[in-house]
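Should a chain be cited, it is by its letter among A, B, C, D, E and F, assigned in written order, with residues numbered from 1 in that chain.
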Amino acid sequence: MSIQSINARNQFRGKVKEIIEGPVVSEIDVDTPFGIVTSVITTRSVKELKLAVGTEVLALVKATEVSIAKL
Amino acid sequence: MSIQSINARNQFRGKVKEIIEGPVVSEIDVDTPFGIVTSVITTRSVKELKLAVGTEVLALVKATEVSIAKL
Amino acid sequence: MSIQSINARNQFRGKVKEIIEGPVVSEIDVDTPFGIVTSVITTRSVKELKLAVGTEVLALVKATEVSIAKL
Amino acid sequence: MSIQSINARNQFRGKVKEIIEGPVVSEIDVDTPFGIVTSVITTRSVKELKLAVGTEVLALVKATEVSIAKL
Amino acid sequence: MSIQSINARNQFRGKVKEIIEGPVVSEIDVDTPFGIVTSVITTRSVKELKLAVGTEVLALVKATEVSIAKL
Amino acid sequence: MSIQSINARNQFRGKVKEIIEGPVVSEIDVDTPFGIVTSVITTRSVKELKLAVGTEVLALVKATEVSIAKL
(Lines give C-alpha, C1' and ligand atoms only; values in the text may rest on other atoms or scores of the structure.)
Protein backbone atom coordinates (compact mmCIF):
# COMPACT_ATOMS: atom_id res chain seq x y z
CA MET A 1 0.00 0.00 0.00
CA SER A 2 1.72 3.15 -1.14
CA ILE A 3 1.01 6.57 0.37
CA GLN A 4 0.27 9.43 -2.00
CA SER A 5 0.90 12.29 0.38
CA ILE A 6 1.03 13.02 4.11
CA ASN A 7 0.09 15.94 6.32
CA ALA A 8 3.52 16.46 7.79
CA ARG A 9 4.40 19.91 6.50
CA ASN A 10 8.06 19.47 7.30
CA GLN A 11 9.66 16.96 4.98
CA PHE A 12 13.41 16.61 4.73
CA ARG A 13 14.64 14.41 1.90
CA GLY A 14 18.03 12.79 2.21
CA LYS A 15 20.16 9.67 2.57
CA VAL A 16 20.78 7.66 5.72
CA LYS A 17 24.27 8.58 6.92
CA GLU A 18 24.50 6.53 10.10
CA ILE A 19 22.42 4.09 12.15
CA ILE A 20 23.07 3.53 15.86
CA GLU A 21 21.13 0.40 16.71
CA GLY A 22 19.81 -0.23 20.22
CA PRO A 23 17.75 -3.12 21.57
CA VAL A 24 14.45 -1.16 21.40
CA VAL A 25 15.06 2.11 19.55
CA SER A 26 17.69 3.20 17.04
CA GLU A 27 19.05 6.56 15.98
CA ILE A 28 18.94 7.35 12.26
CA ASP A 29 21.01 10.27 10.99
CA VAL A 30 19.82 11.58 7.65
CA ASP A 31 22.02 13.75 5.45
CA THR A 32 19.75 16.44 3.96
CA PRO A 33 20.29 19.85 2.34
CA PHE A 34 19.19 21.31 5.74
CA GLY A 35 22.09 19.51 7.45
CA ILE A 36 21.89 16.29 9.45
CA VAL A 37 18.36 15.46 10.64
CA THR A 38 18.30 12.96 13.51
CA SER A 39 15.44 10.58 14.20
CA VAL A 40 14.81 7.97 16.88
CA ILE A 41 12.50 5.14 15.77
CA THR A 42 11.92 1.57 16.94
CA THR A 43 14.58 -0.92 15.92
CA ARG A 44 11.77 -3.07 14.54
CA SER A 45 10.86 -0.29 12.11
CA VAL A 46 14.50 0.02 11.03
CA LYS A 47 14.37 -3.65 10.08
CA GLU A 48 10.93 -3.57 8.47
CA LEU A 49 11.93 -0.55 6.37
CA LYS A 50 15.27 -2.28 5.62
CA LEU A 51 17.13 0.95 6.34
CA ALA A 52 20.87 0.96 5.72
CA VAL A 53 23.55 3.59 5.16
CA GLY A 54 22.72 5.21 1.82
CA THR A 55 18.97 4.44 1.76
CA GLU A 56 16.93 7.37 0.36
CA VAL A 57 14.42 8.53 2.94
CA LEU A 58 12.13 11.36 3.94
CA ALA A 59 12.39 12.64 7.52
CA LEU A 60 8.95 13.94 8.55
CA VAL A 61 7.92 16.22 11.40
CA LYS A 62 4.42 17.36 12.40
CA ALA A 63 4.16 21.15 12.76
CA THR A 64 2.82 20.74 16.32
CA GLU A 65 6.19 19.15 17.30
CA VAL A 66 8.32 22.11 16.24
CA SER A 67 9.39 24.57 18.96
CA ILE A 68 10.51 28.13 18.29
CA ALA A 69 13.42 29.80 20.11
CA LYS A 70 14.41 33.43 19.77
CA LEU A 71 18.07 34.24 19.21
CA MET B 1 17.63 33.72 31.84
CA SER B 2 19.47 32.79 28.69
CA ILE B 3 19.89 29.20 27.53
CA GLN B 4 23.37 28.04 26.56
CA SER B 5 22.40 24.97 24.59
CA ILE B 6 19.54 22.53 24.20
CA ASN B 7 19.24 18.82 23.51
CA ALA B 8 17.16 19.16 20.37
CA ARG B 9 19.48 17.73 17.75
CA ASN B 10 17.50 19.22 14.90
CA GLN B 11 17.88 22.99 14.80
CA PHE B 12 16.87 25.05 11.78
CA ARG B 13 17.88 28.72 11.81
CA GLY B 14 15.82 31.21 9.85
CA LYS B 15 13.53 34.23 9.78
CA VAL B 16 9.80 34.28 10.42
CA LYS B 17 8.13 34.51 7.01
CA GLU B 18 4.48 34.38 7.99
CA ILE B 19 2.31 34.13 11.11
CA ILE B 20 -1.26 32.82 10.95
CA GLU B 21 -2.76 33.78 14.28
CA GLY B 22 -5.61 31.80 15.82
CA PRO B 23 -7.37 32.26 19.15
CA VAL B 24 -5.38 29.49 20.88
CA VAL B 25 -2.56 28.38 18.58
CA SER B 26 -0.75 30.08 15.71
CA GLU B 27 1.20 28.81 12.73
CA ILE B 28 4.72 30.16 12.31
CA ASP B 29 6.43 29.64 8.96
CA VAL B 30 10.20 29.96 9.19
CA ASP B 31 12.22 30.69 6.08
CA THR B 32 15.50 28.79 6.29
CA PRO B 33 18.21 28.60 3.61
CA PHE B 34 16.83 25.23 2.52
CA GLY B 35 13.09 25.68 2.65
CA ILE B 36 10.18 26.56 4.91
CA VAL B 37 9.87 24.92 8.35
CA THR B 38 6.37 25.17 9.85
CA SER B 39 5.59 25.26 13.58
CA VAL B 40 2.36 25.46 15.58
CA ILE B 41 2.75 27.07 19.02
CA THR B 42 0.37 28.79 21.43
CA THR B 43 -0.67 32.30 20.49
CA ARG B 44 0.41 33.35 23.98
CA SER B 45 3.96 32.23 23.21
CA VAL B 46 3.91 34.18 19.94
CA LYS B 47 3.13 37.30 21.98
CA GLU B 48 5.57 36.57 24.80
CA LEU B 49 8.37 35.95 22.31
CA LYS B 50 7.25 39.07 20.38
CA LEU B 51 7.48 37.15 17.10
CA ALA B 52 6.86 39.13 13.92
CA VAL B 53 7.66 38.72 10.24
CA GLY B 54 11.44 38.97 9.98
CA THR B 55 12.30 37.89 13.54
CA GLU B 56 15.37 35.62 13.66
CA VAL B 57 14.49 32.29 15.22
CA LEU B 58 15.58 28.71 15.66
CA ALA B 59 13.05 25.98 14.85
CA LEU B 60 13.79 23.00 17.11
CA VAL B 61 12.67 19.37 16.88
CA LYS B 62 13.35 16.49 19.30
CA ALA B 63 14.77 13.41 17.54
CA THR B 64 11.99 11.24 19.01
CA GLU B 65 9.45 13.33 17.02
CA VAL B 66 11.00 12.66 13.61
CA SER B 67 9.43 9.90 11.48
CA ILE B 68 11.21 8.16 8.62
CA ALA B 69 9.52 7.25 5.32
CA LYS B 70 11.10 5.22 2.54
CA LEU B 71 10.81 6.54 -0.99
CA MET C 1 6.60 11.78 -4.89
CA SER C 2 4.93 8.71 -3.47
CA ILE C 3 6.02 7.11 -0.20
CA GLN C 4 6.61 3.36 -0.19
CA SER C 5 6.42 2.80 3.53
CA ILE C 6 6.80 4.68 6.80
CA ASN C 7 8.16 3.84 10.23
CA ALA C 8 4.98 4.61 12.12
CA ARG C 9 4.09 1.19 13.52
CA ASN C 10 0.55 2.24 14.31
CA GLN C 11 -1.48 2.70 11.15
CA PHE C 12 -5.27 2.92 11.16
CA ARG C 13 -7.01 2.85 7.78
CA GLY C 14 -10.39 4.48 7.39
CA LYS C 15 -12.53 7.21 5.85
CA VAL C 16 -12.83 10.82 6.99
CA LYS C 17 -16.10 11.08 8.91
CA GLU C 18 -15.99 14.70 10.02
CA ILE C 19 -13.75 17.77 9.69
CA ILE C 20 -13.94 20.62 12.20
CA GLU C 21 -12.06 23.46 10.56
CA GLY C 22 -10.34 26.14 12.60
CA PRO C 23 -8.23 29.11 11.44
CA VAL C 24 -4.91 27.35 12.18
CA VAL C 25 -5.59 23.70 12.99
CA SER C 26 -8.48 21.36 12.16
CA GLU C 27 -9.82 18.19 13.74
CA ILE C 28 -10.15 15.17 11.46
CA ASP C 29 -12.25 12.25 12.67
CA VAL C 30 -11.45 9.04 10.87
CA ASP C 31 -13.94 6.20 10.84
CA THR C 32 -12.07 2.90 11.02
CA PRO C 33 -13.59 -0.59 11.30
CA PHE C 34 -12.93 -0.52 15.04
CA GLY C 35 -13.87 3.00 16.07
CA ILE C 36 -13.10 6.66 15.49
CA VAL C 37 -9.49 7.88 15.46
CA THR C 38 -9.11 11.65 15.96
CA SER C 39 -6.30 13.79 14.56
CA VAL C 40 -5.44 17.49 14.77
CA ILE C 41 -3.41 18.80 11.82
CA THR C 42 -2.86 22.23 10.29
CA THR C 43 -5.75 23.60 8.25
CA ARG C 44 -3.22 24.18 5.45
CA SER C 45 -2.51 20.46 5.34
CA VAL C 46 -6.24 19.70 5.19
CA LYS C 47 -6.40 21.86 2.07
CA GLU C 48 -3.19 20.57 0.48
CA LEU C 49 -4.32 16.97 1.00
CA LYS C 50 -7.81 17.95 -0.28
CA LEU C 51 -9.40 16.08 2.63
CA ALA C 52 -13.19 15.88 2.63
CA VAL C 53 -15.80 13.68 4.26
CA GLY C 54 -15.36 10.22 2.71
CA THR C 55 -11.68 10.56 1.71
CA GLU C 56 -9.73 7.33 2.32
CA VAL C 57 -6.85 7.99 4.70
CA LEU C 58 -4.34 6.37 6.99
CA ALA C 59 -4.06 7.73 10.54
CA LEU C 60 -0.46 7.26 11.71
CA VAL C 61 1.06 7.37 15.20
CA LYS C 62 4.72 7.01 16.24
CA ALA C 63 5.25 4.39 18.94
CA THR C 64 7.01 6.96 21.16
CA GLU C 65 3.73 8.97 21.30
CA VAL C 66 1.62 6.13 22.73
CA SER C 67 1.04 6.12 26.51
CA ILE C 68 0.01 3.04 28.50
CA ALA C 69 -2.55 3.10 31.33
CA LYS C 70 -3.41 0.17 33.56
CA LEU C 71 -7.07 -0.61 34.14
CA MET D 1 -5.00 8.01 43.19
CA SER D 2 -7.28 6.74 40.45
CA ILE D 3 -8.04 8.71 37.30
CA GLN D 4 -11.67 9.12 36.27
CA SER D 5 -11.11 10.10 32.66
CA ILE D 6 -8.44 11.55 30.41
CA ASN D 7 -8.41 13.89 27.42
CA ALA D 8 -6.74 11.47 25.02
CA ARG D 9 -9.48 10.97 22.44
CA ASN D 10 -7.78 7.89 21.05
CA GLN D 11 -7.99 5.02 23.50
CA PHE D 12 -7.24 1.47 22.44
CA ARG D 13 -8.09 -1.20 24.99
CA GLY D 14 -6.26 -4.50 24.87
CA LYS D 15 -3.84 -6.95 26.45
CA VAL D 16 -0.06 -6.77 26.46
CA LYS D 17 1.16 -9.25 23.85
CA GLU D 18 4.90 -8.72 24.04
CA ILE D 19 7.45 -6.62 25.94
CA ILE D 20 10.91 -5.92 24.52
CA GLU D 21 12.89 -4.55 27.44
CA GLY D 22 15.81 -2.19 26.95
CA PRO D 23 18.03 -0.45 29.51
CA VAL D 24 16.14 2.89 29.26
CA VAL D 25 13.00 2.37 27.17
CA SER D 26 10.92 -0.71 26.37
CA GLU D 27 8.54 -1.59 23.55
CA ILE D 28 5.06 -2.72 24.58
CA ASP D 29 2.90 -4.41 21.96
CA VAL D 30 -0.79 -4.30 22.81
CA ASP D 31 -3.28 -6.63 21.13
CA THR D 32 -6.43 -4.55 20.47
CA PRO D 33 -9.47 -4.87 18.19
CA PHE D 34 -7.70 -2.28 15.96
CA GLY D 35 -4.73 -4.65 15.57
CA ILE D 36 -1.41 -4.42 17.39
CA VAL D 37 -0.73 -1.00 18.91
CA THR D 38 2.94 -0.41 19.71
CA SER D 39 4.17 1.89 22.47
CA VAL D 40 7.63 2.90 23.67
CA ILE D 41 7.75 3.92 27.34
CA THR D 42 10.49 4.07 29.96
CA THR D 43 11.56 0.73 31.40
CA ARG D 44 10.98 2.26 34.84
CA SER D 45 7.32 2.78 33.97
CA VAL D 46 7.04 -0.84 32.79
CA LYS D 47 8.22 -1.91 36.24
CA GLU D 48 6.14 0.61 38.19
CA LEU D 49 2.99 -0.41 36.27
CA LYS D 50 4.00 -4.09 36.72
CA LEU D 51 3.27 -4.76 33.06
CA ALA D 52 3.55 -8.35 31.88
CA VAL D 53 2.24 -10.38 28.95
CA GLY D 54 -1.54 -10.55 29.41
CA THR D 55 -1.96 -7.37 31.49
CA GLU D 56 -5.09 -5.41 30.52
CA VAL D 57 -4.15 -1.91 29.42
CA LEU D 58 -5.33 1.16 27.56
CA ALA D 59 -3.04 2.57 24.87
CA LEU D 60 -3.62 6.33 24.70
CA VAL D 61 -2.73 8.85 21.99
CA LYS D 62 -3.27 12.62 21.96
CA ALA D 63 -5.06 13.85 18.82
CA THR D 64 -2.21 16.30 18.12
CA GLU D 65 0.15 13.30 17.70
CA VAL D 66 -1.87 11.64 14.93
CA SER D 67 -0.72 12.26 11.33
CA ILE D 68 -2.93 11.80 8.28
CA ALA D 69 -1.74 10.24 5.01
CA LYS D 70 -3.76 10.02 1.82
CA LEU D 71 -3.88 6.71 0.00
CA MET E 1 -13.94 2.84 33.14
CA SER E 2 -11.49 4.19 35.68
CA ILE E 3 -7.73 4.11 35.18
CA GLN E 4 -5.58 2.76 37.98
CA SER E 5 -2.28 4.21 36.92
CA ILE E 6 -0.53 5.52 33.82
CA ASN E 7 3.01 5.40 32.47
CA ALA E 8 3.47 9.15 32.26
CA ARG E 9 6.26 9.72 34.76
CA ASN E 10 5.60 13.44 34.94
CA GLN E 11 2.34 14.17 36.72
CA PHE E 12 1.44 17.63 38.00
CA ARG E 13 -1.67 17.89 40.19
CA GLY E 14 -3.57 21.16 40.33
CA LYS E 15 -6.73 23.10 39.61
CA VAL E 16 -7.81 24.60 36.31
CA LYS E 17 -7.06 28.32 36.50
CA GLU E 18 -8.09 29.46 33.04
CA ILE E 19 -9.53 28.02 29.83
CA ILE E 20 -9.05 29.77 26.47
CA GLU E 21 -11.52 28.09 24.16
CA GLY E 22 -10.95 27.90 20.43
CA PRO E 23 -13.02 26.23 17.71
CA VAL E 24 -10.76 23.14 17.54
CA VAL E 25 -8.28 23.25 20.41
CA SER E 26 -8.33 25.01 23.79
CA GLU E 27 -5.61 26.11 26.20
CA ILE E 28 -5.93 24.86 29.77
CA ASP E 29 -3.82 26.56 32.43
CA VAL E 30 -3.39 24.42 35.52
CA ASP E 31 -2.43 26.03 38.81
CA THR E 32 -0.09 23.67 40.68
CA PRO E 33 1.67 24.35 43.98
CA PHE E 34 4.84 25.22 42.06
CA GLY E 35 3.60 27.22 39.10
CA ILE E 36 1.32 27.15 36.08
CA VAL E 37 1.39 24.15 33.71
CA THR E 38 -0.14 24.86 30.28
CA SER E 39 -1.83 22.27 28.07
CA VAL E 40 -3.47 22.41 24.63
CA ILE E 41 -6.16 19.76 24.07
CA THR E 42 -9.13 19.45 21.73
CA THR E 43 -12.14 21.57 22.62
CA ARG E 44 -14.21 18.38 22.39
CA SER E 45 -12.14 16.86 25.20
CA VAL E 46 -12.65 19.99 27.32
CA LYS E 47 -16.39 19.44 26.99
CA GLU E 48 -16.33 15.67 27.47
CA LEU E 49 -14.19 16.06 30.61
CA LYS E 50 -16.50 18.93 31.72
CA LEU E 51 -13.46 21.05 32.59
CA ALA E 52 -14.16 24.42 34.23
CA VAL E 53 -12.19 26.88 36.32
CA GLY E 54 -11.52 25.12 39.62
CA THR E 55 -11.73 21.51 38.35
CA GLU E 56 -9.09 19.27 39.97
CA VAL E 57 -6.89 17.73 37.30
CA LEU E 58 -3.62 15.99 36.64
CA ALA E 59 -1.39 17.39 33.89
CA LEU E 60 0.58 14.48 32.37
CA VAL E 61 3.69 14.47 30.18
CA LYS E 62 5.49 11.50 28.61
CA ALA E 63 9.23 11.47 29.36
CA THR E 64 10.03 11.28 25.62
CA GLU E 65 8.37 14.73 25.20
CA VAL E 66 10.62 16.53 27.70
CA SER E 67 13.58 18.48 26.30
CA ILE E 68 16.64 19.47 28.33
CA ALA E 69 18.37 22.86 28.04
CA LYS E 70 21.60 23.82 29.77
CA LEU E 71 21.72 27.15 31.57
CA MET F 1 24.89 30.71 19.81
CA SER F 2 22.86 31.40 22.91
CA ILE F 3 19.06 31.29 22.98
CA GLN F 4 17.25 34.25 24.50
CA SER F 5 13.91 32.61 25.06
CA ILE F 6 11.84 29.68 23.83
CA ASN F 7 8.16 29.04 23.20
CA ALA F 8 7.86 26.10 25.56
CA ARG F 9 5.44 27.45 28.13
CA ASN F 10 6.31 24.75 30.61
CA GLN F 11 9.80 25.23 31.98
CA PHE F 12 11.00 23.34 35.04
CA ARG F 13 14.33 24.49 36.43
CA GLY F 14 16.39 22.06 38.46
CA LYS F 15 19.50 19.93 38.84
CA VAL F 16 20.22 16.58 37.23
CA LYS F 17 19.68 13.94 39.92
CA GLU F 18 20.33 10.77 37.96
CA ILE F 19 21.29 9.67 34.44
CA ILE F 20 20.50 6.17 33.15
CA GLU F 21 22.57 5.82 30.00
CA GLY F 22 21.50 3.54 27.17
CA PRO F 23 23.14 2.90 23.79
CA VAL F 24 20.75 5.23 21.91
CA VAL F 25 18.66 7.16 24.44
CA SER F 26 19.21 8.04 28.10
CA GLU F 27 16.88 8.91 30.95
CA ILE F 28 17.59 12.18 32.77
CA ASP F 29 15.89 12.74 36.12
CA VAL F 30 15.76 16.41 37.09
CA ASP F 31 15.12 17.49 40.66
CA THR F 32 12.79 20.53 40.47
CA PRO F 33 10.47 22.33 42.91
CA PHE F 34 7.61 20.47 41.09
CA GLY F 35 9.20 17.13 42.03
CA ILE F 36 11.26 14.89 39.78
CA VAL F 37 10.81 15.62 36.08
CA THR F 38 11.93 12.76 33.83
CA SER F 39 13.21 13.20 30.29
CA VAL F 40 14.39 10.78 27.62
CA ILE F 41 16.86 12.28 25.14
CA THR F 42 19.50 10.85 22.82
CA THR F 43 22.68 9.68 24.49
CA ARG F 44 24.55 11.83 21.96
CA SER F 45 22.79 14.92 23.34
CA VAL F 46 23.71 13.92 26.91
CA LYS F 47 27.35 13.93 25.82
CA GLU F 48 27.16 17.10 23.71
CA LEU F 49 25.47 18.96 26.59
CA LYS F 50 28.04 17.41 28.99
CA LEU F 51 25.24 16.54 31.43
CA ALA F 52 26.26 15.04 34.76
CA VAL F 53 24.70 14.65 38.19
CA GLY F 54 24.34 18.18 39.58
CA THR F 55 24.25 20.06 36.26
CA GLU F 56 21.74 22.94 36.30
CA VAL F 57 19.17 22.46 33.57
CA LEU F 58 15.77 23.51 32.32
CA ALA F 59 13.29 20.75 31.48
CA LEU F 60 11.01 22.04 28.72
CA VAL F 61 7.63 20.77 27.49
CA LYS F 62 5.47 22.09 24.64
CA ALA F 63 1.87 22.78 25.70
CA THR F 64 0.59 20.51 22.90
CA GLU F 65 2.36 17.56 24.62
CA VAL F 66 0.56 17.95 27.95
CA SER F 67 -2.47 15.70 28.58
CA ILE F 68 -5.18 16.42 31.14
CA ALA F 69 -6.78 13.76 33.36
CA LYS F 70 -9.69 14.30 35.68
CA LEU F 71 -9.42 12.97 39.22
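Operating definition for what follows: contacts are C-beta pairs under 8 Å (C-beta built on N, C-alpha and C of every residue); 3 or more make two chains touch, one makes a residue touch a chain.
Computed from a predicted structure; not experimentally measured.
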Chain pair among B-F, D-E or B-E whose interface repeats that of C-E, sharing over half of the contact pairs by residue number: B-E
Chain whose average C-alpha position is farthest from chain A's own: E
Between the pairs D-F and E-F, the one where more C-beta pairs touch: E-F
Distance between the centres, which are taken as Cα means, of chain C and chain A, whole angstrom: 19
Chain centre separation (chain B, chain D; CA means) in Å: 29
Whole-Å gap separating chain B and chain C, where each centre is the average of the chain's CA atoms: 22
Residue list for chain A, restricted to those that touch at least two other chains: 1, 3-9, 22-23, 25, 27, 38, 40-42, 44-45, 49, 58, 60, 62-65, 67-71
Complex contact set, residues of chain C against chain E: 20-23, 25-27, 38, 40, 64-65, 67-71
Residues on chain C engaged by chain B in the complex (per definition of touch): 1-8, 22-25, 42, 44, 60, 62, 64
Residue ranges of chain B in contact with chain A within the complex: 3, 6, 8-10, 12-13, 27-28, 30, 32, 34-35, 37-41, 45, 49-51, 55-71
